[in-house]
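First chain A sits with chain B, and in the next complex the same chain sits with chain C.
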Partner chain A sequence: MSVDTASDSGALPTSRPGRGGGKLAARRLLLAVGPVLIALALAGLLLAALGVNPFEYYGFVVERGLLSPTGVQQTLTRMAPLLFLAAGLIVAFRAGVWNLGVDGQFLLGAVTAAASAPWLVTFMPVWLATVIVFVLAAAVAMLWSLVPALLKAYQGVNEIITTLMMTFLGTSLANVLVKLVFLDPGTTVPQTRTLPVADRLPRLFDTTISSGLLLGLVAIIAVHLMMTRTDFGLKLRVVGANPRAAVHAGLGVPALTIAVFALSAGLAGLAGAVDIVGVQGNVRADWNPGYGLTVIPMVFLARFNGFAAILYVLLLSVLSIGGESAARRLGVPNHFTLVLVATVLIVLAIAEWLDHRFQQARRA
Partner chain B sequence: MGGLFSEMFLGALLFGAVTAAVPLLLAGLGEQMSEKAGVLNIGIEGMMIFGAYIGFVAAFYSESLWLGFLAGAAGGIFVAAIMALLCVRLGLNQIVIGIGLTLGFEGLTALLHHFQFSRTYPRLPAAEATVVPLLADIPVLGAALFRHHLLVYLAVLLVPVMSYIYRRTQLGLNLQAAGDKPAALDVAGVDVVGTRTIAVLTTGALAGIGGAYLANVGAGIFVPFVTNGAGFLGVVLAMLARGRPLWVLLGALVFGLCLSLTTALQVAGINIPTDVIQMIPFLAVMIMLVAFGRRSSLPAALGIPYERGAR
Partner chain C sequence: MSTLARQNGDTPILALEGVTKRFPGVTANDNVSLAIWPGEVHVLLGENGAGKSTLIGMLSGLQQPDEGRILVDGVPTQIRSPRHALSLGIGTVYQHAMLVPTLTVAENLLLGDRWWKRPRKEALRAEVEVLAKSLGMKVDLDAVASELSLGEQQQVEILRALLRKSRVLILDESTSMLTPAGIEELGALMRRLVERGLAVVFITHKLREAAGFGDRISVLKLGRKVGEIAPERFRALDEEALIAEVVEMMFGQRSGDPEEDPGARRKPHASGPVLLSVRDLRLAPTGTHPGLHGVSFDLRAGEILGIAGIDGNGQKQLAEVIAGQLAPASGSIRFDGAPIDGLTVGQRRDAGLRYLTDDRLGEGTVGPFPISLNLLLKQVGQPPFWTGHVERPAEIERHALRLIRSYDVRTPSERTPIGRLSGGNIQKVLLARELAEGAKVVIFNKPTYGLDLANTLAVRDRIRDLADAARGVLLISTDLEELLQLCDRIAVMAGGALVGTVENGADARAQVGRLMVGLAA
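Moving on, here comes the complex of A and B:
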């Protein structure tokens, strides 16, 4: 297994410092950046085959996502939900739980936030309302992951399938809630009530960047420190590395599994809340940005390291903001970003395999 | 107003159930073979959607459904070949590659569809039915079960064929061994990687045909993300069927009925929002998993790449 679920398989043995630190750093850099470049090239070939100039496309994406003042502010704002999702995925993957249902958990968190925030701010201070909204969104998302968690913990049912099924259900349920329960009677567009701009998360300084970005950064760094520096994190990693050994070590594996689901889904729910309270203000019917699945490749590229994940989330954010612009201007639909990140994931797995083989050959 | 239980409604419901069950049956039988051989095939959704797209393009330009199915199989095999190369031969993580293939081909087909058909949204004509003599004249059931495209009967026929392969042939035993104790199979002088490759490619072919049927006959049109989780439902069927092809058929009919119910209720003008109705099949899956999940037994070496001499 080259892209390993449990351990830092990508992290290199640090116990042999004598053998060329420069080379080591260069190799790590190559493994971190190489797959992205190769995937960009491959996807570029696809664009060329479709009759779109890849240089023009990528140039446009970088210009709109990173270089233009409005673009870069949108990009940094978009990072907030993506960081929360990445944090949730890191907890799950490090503990060996394949939570592929983050999109459903995200949407239900978002709908919870959109339903509660405009009502709560009418009779309590905004800061208190925001805190309550975040707690509610996390709680609903956690509840949504309870069935897969129990099935995995006590019946050993594969969580990949159950979480995927719950995402299909969650997407429909979110729509039902928006259209039937929390519909704003004041508009003709089917959507929830809108949170006034003044009551949303404050913007940073004189920019349009939502302070949700800071919350996202805090979340992912906290998760990273929890997984690497606390004994709770160590327990989760042991469960992920070898559940049977974890049982022998006296760990309560079912309880830990449920805790992992709760943390992971809770963070996905917070991602939904931060997107609503920070940016959207409401949920429109049939809104499903599908962030979760595109974040997965980034988390793998980062080798489940929270700090590295921040950089890759930035990359994804640029691609998605730039890609949305390109969809309008160059007529290349957003699906291209999906192809691109999927290619990154596959190229990364191959690159790690090659690297592994290369190391074995050198050692032999 | 004929009411919910009029003959016409019932007939349409059952006919739709069979139509919706066929892609699930093909995907489930395919996934079952992969899982028997020790490969957890999450990429099957990608194989289905690519089969659906290629199958639709072929059927649209050639005006032949059979060429469509053939092309769908080729499309599915193409994706399966990538999976076999990366996961069986190189031993990469099956889940990671499976997610990658599913996302990649969902995106790719949506992209290709946009450049090719997004202005016209062409439809295929309704499929010609093969009427089974005598049986087709049974009231209600006859029209629902025995007036389908020939492929439907072939797909059902595949169930006993698969059972025969697993129980009575050397290949069937090899497949089982590749999933339960690959090292023993290797010692017996059979190529584990080759056996698993056969299984994955067969999965691709079946999933591709299933996808092509779903788009060309079931929907009559290709739209982005048209498979909508049918491949994943196939994985569920394979999990619940515990290695028995007949159980895949039964499960496919149950889920097919739920899927058909979603359209039938809408057509009948029942006053329930579509989003609620769309939850029915997935709700059924979760209920089945809660009820029978514990008893889903999977091969010992499922998901573990085989490397000779590795411990």
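Moving on, here comes the complex of A and C:
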């Protein structure tokens, strides 16, 4: 009856410990890195078609994003908000909650930080003000996710729709707040009051790298460990993988769902705060960097793994910092970075499909 | 079997010649040769893992043989895909329902039509009406598939295969979800189909069904065909002799049908104190289940109380209300002397009230998760497996290895995703989870559905052992034989109410039968 160990459908190969593990890891690595390389080549062809030498462009991106001292410092600083966003997305996606509203949550967190920080530092120690700003930003972002959370938890309303709708509203609300409520009377530019550079997050050592980078790394590693090593993370993963099994096992699915929204949105709000308190200092009207939607593909490429996400966020950071410089120097539009990321995603999807077909063909 | 069909059928519709199919570590089919003739019900018998599903997979285009060939109408043919199989006239009804859960029954039935044509809903409605009438089943075309019970979903699938004008209808354990009356009806339908010259491939675990409805029996064992009974011999043998011959093939030793062994029937017990007391449970009906209407009963320690009834008459809702998954509109439940109405699923479980669901993959387990975590699915966060909310892998592994050993789960490792195990082994994992440590009352919902004989008998032994250890057992089953074998009392459920309770005795079968069809006992 040893045959009984094979699934009755016989369709799935049974992985045995200690054999094929290395091969599996190699295949995963190939599937993760291969699409990126292919996408770089395809985007290179596109650059060539635009009359730009792709090697010059990529060389410039790498040089400006990774190799030059100022470039690498900018890149690492840029990672801070992206890491917080990735952490928030990993919590949500692993729990099966597709929070696509991170940009709205990010902006509201940013506006909250920009509104409160310059005022708070006038009468309290900077460290305390910073803590309070972070708490406020997270709280406002959480509040903004409450409607989708309640609708999802108690009515089963698809959160993809509700969070996207709320992100449009949130972006507008952030703008309204900047222009009407928190406007800096001291300038003619519509923006909030500016946090003095001295009161921003300290820089690391003798560099211009914001210590927000460390906070971001702590956040994403903490989220990764929470999801993989704790009972709370396991409960969230059960809800994500099979909600009916979660009900059957007696997990409080609505409460867990609301907790996921709160965590995810809270981290997005912190991303906004860390960008304001660490780098920007204020929020200008109509400012919307759209970090959230560019981080989502990175999180998918990383298969919701926190450590892999750090690497992909670094890649995105290099591309966007380097891309901004290249845009100025070579005349390639700034948005070319997005084209590159989109190409990576499409190639990734095709690679997944081919891999799936290959696996099937091997079994058949 | 009609002689007409035989005359124009001197070549089989489908034939396998020396087919071998290997998977990593397993030879699922080893040099199997089979012929499917028009006008015959060809019964495929074999335990879980005998290779039946793989064989079906190759006939229906899901898998390709490694060696050997498949002939359609005598012509060697590569069946490339399920769609190709359908176009060749091979329709399959799988063991696990394969409907699109978010679509209605009508939409599911219309899938696969030409996409540029307007869905022919009205024509379908008329067609279904005729077919359903001849089948004697009720089909609500507007119900959403996910809200149907497993049994109802399977009925829709049979209907779909028939609507596609299949020449060969493969029924993969289709009777396992049906009531005794439903099985008889399906059997009669199979006879009508083969009289029209169709071929039916009928996969079952139940020897009596094989003897009752078949023309030809092939027996698979560990991937090899170990025997075949041709129609001439089939008709020459009476039922007992036939079953004896099949059992000889399957188990290599002559023995009576173990399902009918009178010694296996449990002696009624002197019962202990009331463990579970359910009073006047009510639940509003919905479009998909009849609700509950004043359900009351007592369950004593050492007692096995059966709930008989046709699938979808509120049994699942009753189980879920008692387990705490579903809140009743009114009524009360006392467990072990104390009311538990306010308790959560987890608190009821901790108190010793366990529920073994019938939907093993849908809600009982998380398929991609390892066995070790599935064993602890209902204890997440509890010491010693989690301390201070942090997982302790060593404890979890030790716990898993202990249960895997004592419940004889066949698996390469405790880290294997549970979705890769066979049905029998998944059920062993669920048994281990629900029965281990402190079970006082266990609700079993169709515990042997889809299991092979060996696993079925093992599960029934577990149920008996529980009662012998003065636990209470509520056994929900659509298998009357099972209830008669195991229970002290059998309550019959229809339309969300208990319509009568019968002490298990000599005439219990007739009484339960009468109650099930709506006559007073």
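FYI, the second predicted complex is superposed on the first by the 335 of 364 C-alpha atoms of A that agree within 3 Å, B and C clash if a C-alpha of one lies under 4 Å from a C-alpha of the other, contacts with A are read in each partner's own complex, and residues count from 1 in each chain.
Everything below uses one rule, namely that a contact is a pair of C-beta atoms (placed from the backbone, for glycine too) under 8 Å apart; a residue touches a chain by one contact, two chains touch by 3 or more.
Given the structure is predicted, the values throughout are model-derived calculations rather than measurements.
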item: Touching partner for A:330 - first (chain B), second (chain C), both, neither; value: neither
item: Which partner reaches more residues of chain A (counting touched residues only), chain B or chain C; value: B
item: Which superposed partner A:338 touches (first chain B, second chain C, both, neither); value: first
item: Partner chain(s) touched by A:166 [first = chain B, second = chain C, both, neither]; value: first
item: Chain B versus chain C as contact partner of A:229, first or second or both or neither; value: second
item: Which superposed partner A:242 touches (first chain B, second chain C, both, neither); value: second
item: First, second, both or neither for A:50, with chain B first and chain C second; value: first
item: Chain B versus chain C as contact partner of A:204, first or second or both or neither; value: neither
item: Touching partner for A:308 - first (chain B), second (chain C), both, neither; value: neither
item: Interface residues of chain A shared between complexes with chain B and chain C; value: 1-5
item: Interface residues, chain A side, partner chain C - complex; value: 1-17, 229-232, 234-235, 237-238, 241-242, 244-245, 247-252, 363-364
item: Footprint of chain A on chain B - complex, ascending; value: 42, 86, 90-93, 95-97, 99-108, 110-112, 114-115, 224, 228-229, 232, 235-236, 239, 273, 275-276, 278-279, 282-283, 285-286, 289-290, 293-294, 296, 298, 305
item: Interface residues, chain C side, partner chain A - complex; value: 21, 23-26, 28, 48-51, 53-54, 57, 62-64, 95, 222-223, 324-325, 344-346, 349, 355, 357, 359, 362-369, 373, 377-378, 380-381, 386, 389-391, 410-413, 415-416, 419-425, 454
item: In the complex with chain B, residue positions of chain A that touch it; value: 1-5, 46, 50-51, 98, 100, 147, 151, 155-158, 160-162, 164-166, 168-169, 172-173, 175-176, 179-180, 293-294, 296-297, 300, 332-333, 335-343, 345-346, 349-350, 353
